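Right, one structure below, let's go through it.
Order as written gives the chain letters A, B and C; numbering starts at 1 within each chain.
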Amino acid sequence: MTRERLNRMTPYMFFGPAAVIMVIALLYPLGYMVYGSFRDWDPSQNISETEFVGLKNYITLFFDPAFRESLSVTLIFAGSVVVVEMVVGVGLALLLDRDIKGMSVLRTLFILPMMIAPVVVGLMWRFMYHPTVGTFNRTLDWLGLEKVDWLGQHALLSVIIADVWQWTPFIFILALAALQSLPRSALEAARIDGATAWQQIVHIKLPLMMPVLIVTALLRLIDAFKVLEVILVMTEGGPGLSTEIVALRISRTATEFRELGVAAAMSNYLLILLLFLTLGMFAFTRWQEARADRIAAAAAKAPEV
Amino acid sequence: MKVTKIARSLGVTAAFALSATTALAGPYDDYAGTTLIVNFPAHPHYDAVMKILPEFTKETGIEVEVDQLPYLKMRERQTLELSQDEGEYDLIAYVVFSKADYVYADQLENLAKYFMNPKLADPAYDADDLIDGYVYNIGFAGGNKGYLEGKTGSLFGIPYGSETSILGYRKDIFEKHGLEVPKTYDELLELACKIPELEPGMGGVASRAASGHHASHAFLLHLAPLGGRVFDDAWNPIVNNEAGVQAANALKTLVDCGPEGAASFGFGEALGSFLNGDTAMFLDTTVVAGQIDDPKKSQVVGKVGWAMHPEGVRRGSQTGGFGIGIPANALNKEAAFLLMQWLTSREGDKLVALAGGNPSRFSTHDDADVNAKFPHMATFGEALKYADPDWRPIIPVWGKINADLGTTLSKVLTEDLDIQEALDGVAERTRAVMEEAGYYTWQ
Amino acid sequence: MHDKPSPAFYALLFTLIFMAVGPIALMFINSFKLDVDIVSGTGGLLFLPTIQNYETALCDVLWYEPDHIDFCSLKFGGAFVNSIIIALVSTMLTLIIGCMAAYALVRFRFMGRDVASLTTLMVRMVPPAVLLVPVFGLWNNEFCLDKDGLIGGLIRDAFGGRGDVCLAGTHAGIILVYIAMNLPFVIWILQSFIVQVPRSLEEAARVDGAGPFQVFFLVVLPLIKPGLAAAAIFTFRIAWNEYLLASALSDRNTKTVPILIVNNMSEFNVEWGVIMATGMLLAIPPIIFTLFASRQIITGMTAGAVKG
């Protein structure tokens, strides 16, 4: 009896601690944020002293050109880094898909940028982009070329380059893993049929890698919305609002403008956006699994007929 | 935490030993052994303060533990600490524009009761020697417009680490080309654009221009001398009038003729380019003087001359920097007052000036020792006479307006937004902010 | 597949390695230069290396007083200790709690399992910036013990400090957020490892009379070591590198290294040498991990992506 009871309790004992922590430090805060987003909330106030203002914060934000601009900066940033990183990462994986000794060294060194603190990445690039002291302009100068105003006129581009540097390896390694787990038989067959390297890539490798690539791209996209420190250290969102991504604007609204309610509403907008992306990813994997099951079922059936 | 306790008890014994030898009951005896927790900015003046604090502890037996933060970050921390029932800090240095917020939210102690207390107030303090402009700009609240000198105001803080603007120029470059030090804005702008022609690769004036606070600050620096203001007397935004456009144009000219990448310069970069010899002039706060003479940081040691902030339609150099005040929720208010008084006293002010800080007293600017060590001090003292306490409004909503002004101006500088249009936009949004804050209630 | 790589292939390989490591090497070199050398840019490698920047950074833990600094403004040593405490404790707790939860999700059917599983997956996408406002508010104002209360009073007596005892400003407060932030990822990644553990092993152990916890700790855990290693590295990486939440929650005694670095990029004084030295010190632990455990990292990454 007690033994049985204990057995029934087991899963809860295993999952309990995680549930408690996630509820206290993740779900409750999120609820608190939603609650706060309907209030006029100053950092020096306790939330119980704040005034309920309905949807005011959301409406203000919706018509706020600064917020809209930072939203579009975020979308441009996330979109371009994912596209560039996918193209470069997958391209490199296709080029370098060979069994040689150098590969493991490359892979090890390649993950370094991802593992280093974003704050440090930011400061390294800020130094390299420096208009007079920085590595890039020094090199350009040395080559007798015109200097570039990296963090001024081309701030968004510069920030994108830094992110591409840091995260292309992620795509590269996943794409490489996907490539190396492709069924050898299909590739052999193609080669025997006399397909060129290019044809192999377009007609066999890419389609077979596609499921993994799409998941990778979505993962990267979700992560691209989380980027903050690199940009904070490099440009602090400037010049103008040209690199002020939403995450940065949330933090500025909360600390500099002292409008916690508005910052909460902004966080909510961002959260909703990410929710859609995550749901998209789920839907895709479910669909993918279902399709795989159908194909497997069909394959299993085939010999009987 | 245990360590502090031990330190505290050690402090007590040390103080005990001290009082035993001196035998005379001094004003500090009651507080010896107290540990004050103070919040100072990471700023050259306060770096100098750090060097003289051991002196205070030696003299009084009061320990001081300093939490040094970047000044924009400091405000965030203070907002939190000041709103608690019991705050962490006994004494804070605040940026001048935080004055409005803190006083309005009743978070700073009115200093009257401390200066009235005979046990605390030092009769030799000589408050008249404090520079008037700074006292009203930084320490005073409740006077005219709420933030200026006036009969209804009173004192909440004492200026400490206060600055005004000044023009630094490269004597060697000016001599080489036979240039005159600019006295007016027209001369300044013309010269700023002439330098890159005379000295290829060198910028005219190093100015800050980075998005946000920096761009706004640089603009306001020109606004006052060119005859402009952010608000008229009825709080109507007039930043978009002719003087405003002129000031924005001046900023744009300086940035365009400035060193490479000037549009993204924060204060550090602007100063860096001057220290590195990439620009011929520097127009900003006096706080930089110490670094320009430091061979570890500067390549222009001994080559820099100082002159007054050029005149537009009037003289109006900035008033800024920091004040120190006692939080209303502090634990050791009286000891904090003693520290504040000690730091801003004649002796303290001189000590910090000699350590490379910015003095806040007339006497320190005239002091022979200080002038011997820092020959520029006399020019700085002269500049103070024209310091304009109203060059920027210090009202609670300023933070938001400042950010908007700063990002909009940054767009003007980098994206070639039309100046008039940009400033009209700022004025319109500012009006909305002011309206919401209730500044037009009486109209 | 095994055709002879051409010289162009190796050239590409070297370019890539150079691009990946170049900026880090640059930082490493610059951290041994004086500011004057960095700014004037005299010769890339021709300079007199100095450890002065590291001395400035570590002045609070050095046993001697370097003569080039007047007073110790950077408390890097203290921040480093804070970072280590926070990163290690949160990594350990996340792993223990996370692998238990993952085990429950994989091996048991229980009421609420689907909800739990789905929620875990969903909260993975929450960015730290979204947590900033609520965590700041809660940790400072709500998750507090009254200083006159029993436990709060005891804590104040024992540790000193002022005001109510709140989570903000303590190591525990930051650790709690980090655990919560990392749990979904850890649970997610470990599930794919636990699935691969053969059930028969667990059943054999159970037949021998082992309770569920014994089965878990003695049979399952040793088998998923590679997964644990990967999860540990990723958790550590986030806890070690995070800036935003730590900066909102820490006070002067609990600052971590990233905060110190951002603060030190103070606008009055861009001291590149010292900044590079602090950056280097912050980067060293992750670099060491990468060099020694790159295979685990890659396993972890691929496991994460393939099992969407």
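Keep in mind that, in the parts below, contacts are C-beta pairs under 8 Å (C-beta built on N, C-alpha and C of every residue); 3 or more make two chains touch, one makes a residue touch a chain.
What you see is a predicted model, and the numbers here were worked out from it, not measured in a lab.
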Report summary line: Greatest contact count: chains A-C
Report task. From the Cα centroids, identify the chain that ends up most central relative to all protein Cα atoms. Result -> C
Query raised in the report: Measuring centre to centre with C-alpha atoms, which chain is farthest from chain B?
Result: A
Query raised in the report: How many angstrom between the C-alpha centroids of chain C and chain A?
Result: 18
Requested in this report: Provide the C-alpha centroid distance between chain A and chain B, rounded to the nearest whole angstrom.
Outcome: 41
Query - For chain B paired with chain C, centre-to-centre distance based on mean C-alpha positions, whole Å - result: 37
Query - Touching two or more other chains - residues of chain B - result: 80, 269, 272, 276
Query raised in the report: Hey, what residues on chain C touch two or more of the other chains?
Result: 39, 265
Report task. Going through chain A residue by residue, note those that touch at least 2 other chains and give them in order. Result -> 43, 133
Query raised in the report: Taking the complex as given, what residues does chain C use to touch chain B?
Result: 34-36, 39-40, 68, 70-71, 73, 140, 147, 158-164, 247, 251-252, 263-270
**Report entry** chain B - residues contacting chain C, complex
**Finding:** 1, 4-5, 42-44, 47, 50-51, 67-70, 73, 80, 84-88, 266-269, 271-272, 276, 287, 291, 296-297, 299, 331
Query - Complex contact set, residues of chain B against chain A - result: 72, 76, 79-80, 82-83, 105, 107, 209-212, 259-264, 269, 272-273, 276, 278, 399-400, 403-404, 407-408, 410-411, 413-415
**Report entry** Residue numbers on chain C that touch chain A, as the complex places them
**Finding:** 1-3, 5, 9-10, 12-13, 16-17, 19-21, 23-24, 26-27, 30, 38-39, 41, 97-98, 100-101, 103-105, 108-110, 113, 116, 119-138, 141-142, 176-177, 179-181, 183-184, 187, 212, 216, 237, 240-241, 243-244, 258, 261-262, 265, 272, 275-276, 279, 282-283, 286-287, 289-291, 294, 297-298, 301-302, 304-306, 308
Query raised in the report: Which of the residues in chain A come into contact with chain B in the complex?
Result: 43-45, 66, 130-133, 137, 147, 149-153, 155, 235-242, 252, 255-258
